[in-house]
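Dumping the structure here so I can ask a few things about it.
Labels run A, B, C, D, E and F following the written order; every chain starts at residue 1.
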Amino acid sequence: MKLGFFTANYLDKPLEEVLDRVVALGYEAVELPAFKGSSHFDVDRALNEPDYVKKIKRMVSERGLFISALSNHPEGQLVLGPHGIDTDGIYKGTPEEKIAYGTERMIKTAQAANALEVGVVCGFIGCENFGRFFPWPYSKGWEEMEAKFVERWGKILDKFEEYGVKFAHEPHPNELVYDVYTAERSLKLMADKKAWGFNFDPANLIYLGIDVVNFIQAVGPKIYHVHAKDGEIVAHNVQRDGLIPTGPWSRITRGFRFRIPGWGSVPWKRVITELALVGYDYVLSYEHEDVTMSREDGETKTAAFLKPLLIRAPYEGRRDILFQ
Amino acid sequence: MKLGFFTANYLDKPLEEVLDRVVALGYEAVELPAFKGSSHFDVDRALNEPDYVKKIKRMVSERGLFISALSNHPEGQLVLGPHGIDTDGIYKGTPEEKIAYGTERMIKTAQAANALEVGVVCGFIGCENFGRFFPWPYSKGWEEMEAKFVERWGKILDKFEEYGVKFAHEPHPNELVYDVYTAERSLKLMADKKAWGFNFDPANLIYLGIDVVNFIQAVGPKIYHVHAKDGEIVAHNVQRDGLIPTGPWSRITRGFRFRIPGWGSVPWKRVITELALVGYDYVLSYEHEDVTMSREDGETKTAAFLKPLLIRAPYEGRRDILFQ
Amino acid sequence: MKLGFFTANYLDKPLEEVLDRVVALGYEAVELPAFKGSSHFDVDRALNEPDYVKKIKRMVSERGLFISALSNHPEGQLVLGPHGIDTDGIYKGTPEEKIAYGTERMIKTAQAANALEVGVVCGFIGCENFGRFFPWPYSKGWEEMEAKFVERWGKILDKFEEYGVKFAHEPHPNELVYDVYTAERSLKLMADKKAWGFNFDPANLIYLGIDVVNFIQAVGPKIYHVHAKDGEIVAHNVQRDGLIPTGPWSRITRGFRFRIPGWGSVPWKRVITELALVGYDYVLSYEHEDVTMSREDGETKTAAFLKPLLIRAPYEGRRDILFQ
Amino acid sequence: MKLGFFTANYLDKPLEEVLDRVVALGYEAVELPAFKGSSHFDVDRALNEPDYVKKIKRMVSERGLFISALSNHPEGQLVLGPHGIDTDGIYKGTPEEKIAYGTERMIKTAQAANALEVGVVCGFIGCENFGRFFPWPYSKGWEEMEAKFVERWGKILDKFEEYGVKFAHEPHPNELVYDVYTAERSLKLMADKKAWGFNFDPANLIYLGIDVVNFIQAVGPKIYHVHAKDGEIVAHNVQRDGLIPTGPWSRITRGFRFRIPGWGSVPWKRVITELALVGYDYVLSYEHEDVTMSREDGETKTAAFLKPLLIRAPYEGRRDILFQ
Amino acid sequence: MKLGFFTANYLDKPLEEVLDRVVALGYEAVELPAFKGSSHFDVDRALNEPDYVKKIKRMVSERGLFISALSNHPEGQLVLGPHGIDTDGIYKGTPEEKIAYGTERMIKTAQAANALEVGVVCGFIGCENFGRFFPWPYSKGWEEMEAKFVERWGKILDKFEEYGVKFAHEPHPNELVYDVYTAERSLKLMADKKAWGFNFDPANLIYLGIDVVNFIQAVGPKIYHVHAKDGEIVAHNVQRDGLIPTGPWSRITRGFRFRIPGWGSVPWKRVITELALVGYDYVLSYEHEDVTMSREDGETKTAAFLKPLLIRAPYEGRRDILFQ
Amino acid sequence: MKLGFFTANYLDKPLEEVLDRVVALGYEAVELPAFKGSSHFDVDRALNEPDYVKKIKRMVSERGLFISALSNHPEGQLVLGPHGIDTDGIYKGTPEEKIAYGTERMIKTAQAANALEVGVVCGFIGCENFGRFFPWPYSKGWEEMEAKFVERWGKILDKFEEYGVKFAHEPHPNELVYDVYTAERSLKLMADKKAWGFNFDPANLIYLGIDVVNFIQAVGPKIYHVHAKDGEIVAHNVQRDGLIPTGPWSRITRGFRFRIPGWGSVPWKRVITELALVGYDYVLSYEHEDVTMSREDGETKTAAFLKPLLIRAPYEGRRDILFQ
């Protein structure tokens, strides 16, 4: 396992500056945001300017780093929705236009990853109405959304396979695949799509009351990428504010908030152990969404906490009489 | 406090038969479903046929029972949505038509309650897209829904007040008011509406990780009615299936399911104690949504479990030297 | 084991009326308050009027009841204090006068118990300054109070032994003996006093975070009497209000309050099991100090809850091949 | 579900007297001990005297009871051991002689059950050395015992099938099948034996730290019989004495002991719910192994506690608009 | 936030030696004991010898340290008591003399802090009889002590304000302000005193069963100083020994004892997070009261544990499309 | 306390290479395997070749290390069994031959330790049938094994005393002494044997549900050596797989497995604190039995985790007025 860094919250700084910073702190890989407007990676240039791709690759490799994945969450969300005002900030249009645009952008992202020789694209698949997890008022709603998922994403995944790139969906609120059960459902629905897999971010599961390690046991080899983000079930608030509260992240009475690794409720040693047991030997990519401290606090504390915990090699066995 | 019975899951039987059954088991009150098509109470007849109202009242009172509330959850849902296919089963139409119809029906239900001399109508207010509790992908979504709530329900509540009837919204998934925080928000938003209050159903809060007793402490005198329904955080499933799972209620691996009182995770003695402390002295109305046992199992076990726990009178104080 | 009733909170009603009420509810014994001014038992008359004693005994026995103990908590408190204003409500005087009066009254209570053929007097021993449990600001304070306990109560206990009556101190806040450790200390300090033992009231220990069953294991045969009172560590309040809060019992945000048996945090089945295992086969005497419900609620609910749990006889063993 | 009574701990009393007692307390079925020397049921007479079988059947049925199962734990233990001194109390002989005798007796018990028209025999399969669950000092030991299980019990189970009787092994310490994992292993090993199933006794699993409800989910339809016995993880002792302690059951410091239902750590409502969900609709048979109280205490308290909890019928569904 | 060091347990060594030691270990500030007889800071000299103040300031600043606070717990205790023998070790006299002396000394300490340009004095306010938290035997006792607090400390706080120095009372056993509720009470009682605030020492609250983070949420901006001390609820002892035990700190069976940070029950990451959220950006001052290890063990382990956890700067926000 | 290293899982490498590796990582002592065939220490050569002993001692001491103990678990196991196939891998023979051989080898190990000036031999005592902890099917079995323990090991321990070497039995599954209770029993049975004591390995107790710190409190000064090994009660598996599961260590669904220190359920700070409180000031010897990571991962992570936690010196006390 290696420690990675998702650069999305440093889009206000040039990529080179971010890479310098990151490598000095001990990070070993980066994940680059590839959605429209990202200052760190421009999909369109990558598809049209061979030199651009070379430049990015060199910029990363000459610092001893590598790119673990491209990320494109917003444009994937358009494929299943919600449409209407909720996604106008990403792309404005009718539902049909949003679907078409999202589909095209995701395929281009895969193409760009291929050009860059990066094997994984992380992102979201979207969800028309997340409230349908509950059967009232429309008990057939979820099932119908599954059918659309198969239809719309099936095509995209075929393209991914064509480009030799895996798609790692990140289970998350407001996504059709958001927990262990829906992840297993998706594996059945997409049984024939090799490109389909997951970007496992434990912070997105822990507020559900799930022991996140079960996710790893359940889908094992389909984990293509991992986010090192923590989620805090805020002990002194949760019994009053609950696990799925509304309101801004900075509200001090929140029952749940995202944190840097080690400051939330994710059991990191158990997560790392189980990842090792299912044979995951890739990157844990850190993303700062912790509203209680600065980015600098976060990146320093995370490297110090997480890097020594990464398991570097599997057990070699033991042959003495005490332990056959 | 008194033990009540919500007759909705006996709509396949005539009201008189249900009342006989219920009174024999020791129940002391009934809550009648008043949505379109209910065989137990027809709002339109109540508004047009004076004898119908008299007949219903006599049917109930001659058995020593009383009506604690009318209930109309489906038609209230139309006011805020979700619109589209999700609520077509209740009333088919454009969003505007659904809003108009829902509004009219709720006002009529209040009018019927007035005719019947019943002080409370229980129901739902609806919610356009419940997934907006999470800021991604549209962080302003929840706030905008609040504005619509004030506008659309403000008018309805004025009518309720006119008819001298309280509206008891039931916090629940897929409702704009679903937890302690949103209940407190609603009290601020509807500060000038006396008719606005709650039908407290602990089963609908417990899956959120909330200690439901906090709801009682938070909104105390605004609890107009109580549902005696339990929710089971299924201990052997929840660490894998989570608290907000999809799929049918009968799925054996579910992390959460509704139960009869005493068979779930609701701490009934604490609930009853706190209700007593805030001065609630009305009905706990039992509704069967437990897929693990028959209605007969449920109504018998519930009466045996819950009736002896109801607190009948407050503490009189004590005057001896040991306890000043 | 038998179910008893401590009549202190019915001093506003004649004893006969209380006895009638109690026997109808299924209680099998009574504990009578014997402090100055008790309308249920007057120590002075008992010592001077043979007919008074006879009358009381007959009044109890003709209803099939018996007296499990006399109780005198206030006058015992005077012996070790606190003196000053804290105990002026019991008896006004200098510390020396309070000690003398308290000593005399406790001896008279024993004498009255002897006259009544009741083997146990329940009460308090007092404590000059309970805050001395903590070493700051005076680390030798507790030890010095122990010396006074031995001196003052040693004499009283000798008198108890003379009258053939046991003294059952009730471990409680503001008493020198208030937990498992101080109870064990007292057994060492009073090793030669047969009359010294305990009135075990689990509600008085549970707020300390003690698993109350340990008290039974620790002092076993020295438990002379048991109070059936519960204490609620109020789950939704305690993390903020703590276990030793100030303020009136009716404060709704309290972290701890007394309750009727079964409505607090005392594990009654475990308590009853452990009492059976140490050979306790006497009375569990119910006292109402629950501010959340009426005395009638309390005495009804307690009899229904506790009586079926009382263990009536020890295991006879089993002789078949499956269980040698 | 029905409430049953295992008569083994009343072998000192005639069966008729036990049946009278049991029916008066509300029990609905009995399980009869059928091992050599049982005064309640003699296998040899049953095979040779037609009138004996008739007499037993009448004795039971004329009281409105029925026989849920025959039980023969000791003789089954001989088949896999341990041999040597450990089982000399059951039958003395070489390992080979014990195996032969145990095999023969179990087959005869099935034959007797057939004669009695009782469909289930409960019992133990044995285990040569239970310590082999741990790989030290012999890591291949458990696997080798599995091979003997298949060989020796395969033959017996074929005979059971011939007689139309099921064998319900009771997972228990010192049995080769003792937890969820070994139960699942046995179902694989005995995949072709219809007669193979389980007598589920939750008390025997709970000391393992297993959530016993998982057993029901894992083997569902293979539960042929259920024992209503509880096991107490003794909260005040376990952190010091552990879950697998040695020493007599009456040792007061034990970390684990058997109890009557409702006085231990088994979650009965969850057990009953899960049994209902897998379609179990047979008997919960109570057996007294609780050293803290008399048999009379036990049988009274168990009937009062358990009978009202039994689920009598499955959910009929609900058809109204609120619950599709 | 900065890491500080309270020098009280090094009074046997010259201040300069202590400063050298402390700075080498990475501490960034010191808190100096200012009670009569302190070898590290002499209030009387500070008020009379300008050079003394200069010398102390230089001694500290030339090592890159600063003084976070002066501390005077013993002399403040005299103001409210307990009087009598309990505080004779601090100052012998009648209650009136103790009050006068304590009052004068605290004012002088503020004056000395002003001279030293240190903005905070930490200390205790005292409490006549801490046992009065419980209503028996004198239910009006606590309220009466509050009146004395307002009267006596009101005057002192006025002087503090005059000198521009804040008083940080440390909630603690045997103090009138000892938990969240009494802290909130004191803010109401001293609503007009700007100088009134708290020295938050989580170890002093945790034995109450309080989630100490609630203290921070409750009084936020009134936290003027923080002690980095931990308290261990000794897991293997507490169920028997309780949370408020008597006896020496070194008693191995104690249910509660003070510890160095990270070795007790205080959730430090949550404490630091909540301090950051309420805007606290000052010192966490370490004090060694841990009887299980040497001072050297303590100061080394504390610096290594706590310093990397201090949050240095608040969140700057994030502006990309993923996180609006 | 010092950090040690048990070299058994590096028997595939020459001792010198292991010592180099270990000292570089910061370990301060080694424990050498002394069973037949160990490539790190040959008992027979040690008894016959004076130079061999000198060479080993020099090899260790010239690296600044010391030998904390010799270890011989397999040959001790032969003394009490199990005999038969279970221990044929250690030494093949009749029970009598195994006993004789095991006895002789253990005595020789003590002799070698004496030659090496090492004061402790760690090992196992064996157990004929561990399943006898449970009374069925032979309730007298455990007691009978105790008698054999006294007889066979009494002789060996006399020899140990003669050689001035202590025997540190490691409580463990399949040993007659395996928990707190049996350890206390052994101290009574071996009351006159000074050489008898324990090698405390918390991983071997934690699966029993014991709070391992109780072991330290119970036998304090009889702890002669400590193993730094952790045991993980695998949170996501245990409720289904239980605490005493069968099957290979690498089975991913196991409820319990051995881990490196800090990655399991052992509360190391509490263990180290309690060891300090009972005066233990020797070695914590790390042994790798963690199947989830490489030996290199283990030795690096263990040194980084454990060494900073070791308590180096006891509390010196404190003399100031704040802390008398």
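The definition used in the following text is that a contact is a pair of C-beta atoms (placed from the backbone, for glycine too) under 8 Å apart; a residue touches a chain by one contact, two chains touch by 3 or more.
The structure presented is a predicted model; accordingly, all values stated were derived computationally and were not measured.
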Please state, in steps, how far chain D lies from chain B along the shortest route of touching chains.
-> 1
Type of chain B:chain C copy interface by residue overlap (half), same or different = different
Chain at maximum distance from chain E, centres defined as averaged CA atoms = D
Would you indicate which option in D-F, C-E or A-F repeats the interface seen between B-D, with over half of the contact pairs matching by residue number?
-> A-F
Averaging each chain's C-alpha atoms to get its centre, pick out the one most distant from chain B.
-> F
Distance-wise, how many Å sit between the C-alpha centres of chain B and chain E, to the nearest whole number?
-> 50
Could you tell me the distance, in whole angstrom, between the mean C-alpha positions of chain A and chain B?
-> 39
Averaged over CA atoms, how far is the centre of chain E from the centre of chain F? Could you give it in whole Å?
-> 45
Specify, in ascending order, the residues of chain E that touch 2 or more different other chains.
-> 74, 89-90, 135-136, 211, 214, 236, 239, 253, 322, 324
Residue ranges of chain F touching chain D (in the complex, touch as defined) = 74, 77, 82, 85-87, 89-90, 127, 129-138, 141-142, 144, 172-174, 179-182, 205, 208-211, 214, 218, 233, 238-249, 253, 255
Chain D residues touching chain C in their complex are 8-9, 11-12, 33, 35, 37, 73-74, 89-90, 235-236, 250, 252-253, 262-263, 288-297, 301, 304
Sort out for me which residues of chain E touch chain A in the complex.
-> 211, 213-214, 217, 267, 269-270, 273-274, 276-278, 308-309, 311-316, 318-324
